[in-house]
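In the two assemblies presented below, subunit A is common to both, partnered first by subunit B and then by subunit C.
Right, the complex of A and B next:
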């Protein structure tokens, strides 16, 4: 059965590229373009991994991470963010995310990290 | 009574005039509303077409980058023929490529560059560089710089001295972004002063983007442009070029005040202590700007003794210099650790502050 990945990202170009690449890699990809929609999906559907930006409309990436850690603790999270400030990256890892990828990103590297993270869970 | 004559002709003149004018205004408003409606319709249509093309390009670029079965040559040919017939379409394609380039790195960057050339965008950008409109030239330079596309030097050189500052700025950025060994070679070619913004851009690029060896700034100390000399002096201290201190010492007597100021500031930043006795000896013959800079340097690398060496002549100075002096005096007296040489002097001398 195909693994289900939820992508939470508001940049259409990034969404399209991630979707294209991950579908090619054999995953089922579900898209949320804002934090509110992502929370709705997390409440009603099951996912094997979540790939999220931190800066999102309505509900931030950090709030989504908090929700997952409290309600779906086993779900691995990869953050994809433009921020390369040390404190933001440290904060994300302190919250319990599995990986942090900074934009601009290499799609092949991202694909490898997704595979590695899914293999661990 | 004439029953065949039109009732309009029977109207009084004022009524006729009123009617004709009303009709004119009505027609004018009708034309105006139609024009506005047409314009809006046209704009919406254009936006719709643009959006459709953006979606086509988004799918196309993704397939080009990530689909190994994608027949690149064939598909590029088809895309150019079917969807990119005019410069307007090429401009949209360029924008999409820039968005991809901004968000992706690694092997995708090289592929984006290949796609840029395959789509014929290189020729389009070169033609934009040769256009007369400054905004088109500046935009073309920005694109080339973002995608790191190299173009012949002959095309870039004239733009370094373009009459529009925006073009000059983008040309400098382009050179800084693409240069691997000689990022400031353009300084020898510029004929207009470096603006403060340009200086900030250059400094920023050298510190954050440029990977090669930082050039020795002493090579521009005899440049014709005062701004280039001042900038070079400032960069010497920014990049710790201590080997240039002896050369820099000669510049504290330069005829240009701005250059003298930069030399003092740079030497002070490099903590060259031999500077202070010279500055103090010529303090009272200097301009206000240099006096202020001297006081700042004393605060940075000097002691209370250096300040006291300025002597009673300080009472002859203008108020702004005096205020800086008194603040500095207070600063030294309030400092928890005095220089041991100055303690004796401080105890003996009365406070100069009124």
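Right, the complex of A and C next:
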């Protein structure tokens, strides 16, 4: 059965790239373009991994991480960050995320990190 | 950040190490070899140092550095700062054979054998390497998709449409002096320019997000508009199917 990955990202070019690469790698990909929609999906569907941006409309990535840690503690999280976000990445690690990927991601690096994170859970 | 050894200006080494004993051992080796050593206890401190200073000849970072480990720190410096620095991952466990992603390892505790490892690494090519400025490139999209034409064209159309909408939102925000909104939008569209390998677009977005004062935001916004128009025109000229 294919692993289900939720992508929470509001830049459509990044979404398209992530979606293309992850589907090619054999995953089922579900998209949320804002934090509110992501929370709804997290409440009603099951996922094996979430890739989330931190700066999102309506509900921030940090709030999503907090929700997952409190309600779905076994779900691994990879943060999608941009450059110059060292402090934000540090905060995300403090909250317990498993890894981060910088945008635009290296395709091979994305595959490796997703595979590695899923293998640990 | 401490400048702990200044015995020679020739070779600069950034050591990221939490253990004082390992650090002191390394500094003794450095003194014997006239290396200039800068030390950091954590990975974020090291990243900030690299951003603020000239790149060292080699960075030695412990595998278990925190909050980013040695591998993640290397990835960040390479992918985010666009700087190539020879890196040695230090480990208490014999890790010489555990080569990962082309990275080399150095065993701890540091010893005279470490000198050979470091000297070999320093000889490798690894000077700071900024990307060249250009209006756009499809290399990233081609690499990502193995040249899938449908994907590339779809991505270009998304660039054209989504960035146009965001630039219009920036204009509206500018009219009512909502500078924070402008910064947020610039942050959002920065990856779109990066995917097209537009370093000018990336830098303009970075300036809007992190550096611009309210006085120079209008000028930067104007430049971003002009760049977008230029890229759009170039794409129309270069790619007949782009419409």
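Note that in this section the second predicted complex is superposed on the first by the 118 of 121 C-alpha atoms of A that agree within 3 Å, B and C clash if a C-alpha of one lies under 4 Å from a C-alpha of the other, contacts with A are read in each partner's own complex, and residues count from 1 in each chain.
Note that a residue touches a chain if its C-beta (ideal position, glycine included) is under 8 Å from a C-beta of that chain, and two chains touch if they have at least 3 such contacts.
Predicted model only: the values in this text are computed from it and were never measured.
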| item | value |
| --- | --- |
| Room on subunit A for both subunit B and subunit C (clash or fit) | clash |
| First (subunit B), second (subunit C), both or neither touched by A:103 | both |
| First, second, both or neither for A:67, with subunit B first and subunit C second | neither |
| Partner chain in contact with A:14 - subunit B first, subunit C second, else both or neither | both |
| Residue contacts on subunit A - larger count, subunit B or subunit C | C |
| Residues of subunit A contacting subunit B in one complex and subunit C in the other | 11-14, 16-17, 20-21, 103-104, 106-107, 109 |
| Residue ranges of subunit C in contact with subunit A within the complex | 44, 47-48, 67-68, 72, 75-76, 79-81, 140-141, 143-145, 148, 151, 154-155, 158-159, 162, 184, 187-192, 194-195, 206, 209-210 |
| Interfacial residue positions of subunit A with respect to subunit B in the complex | 11-14, 16-17, 20-21, 24, 103-109 |
| Subunit C partner contacts - residues on subunit A that touch it in the complex | 10-14, 16-17, 20-21, 55, 82-84, 86-87, 89-90, 93-94, 99-100, 102-104, 106-107, 109 |
| Subunit A partner contacts - residues on subunit B that touch it in the complex | 58-59, 62-63, 65-67, 96, 99-100, 102-108 |
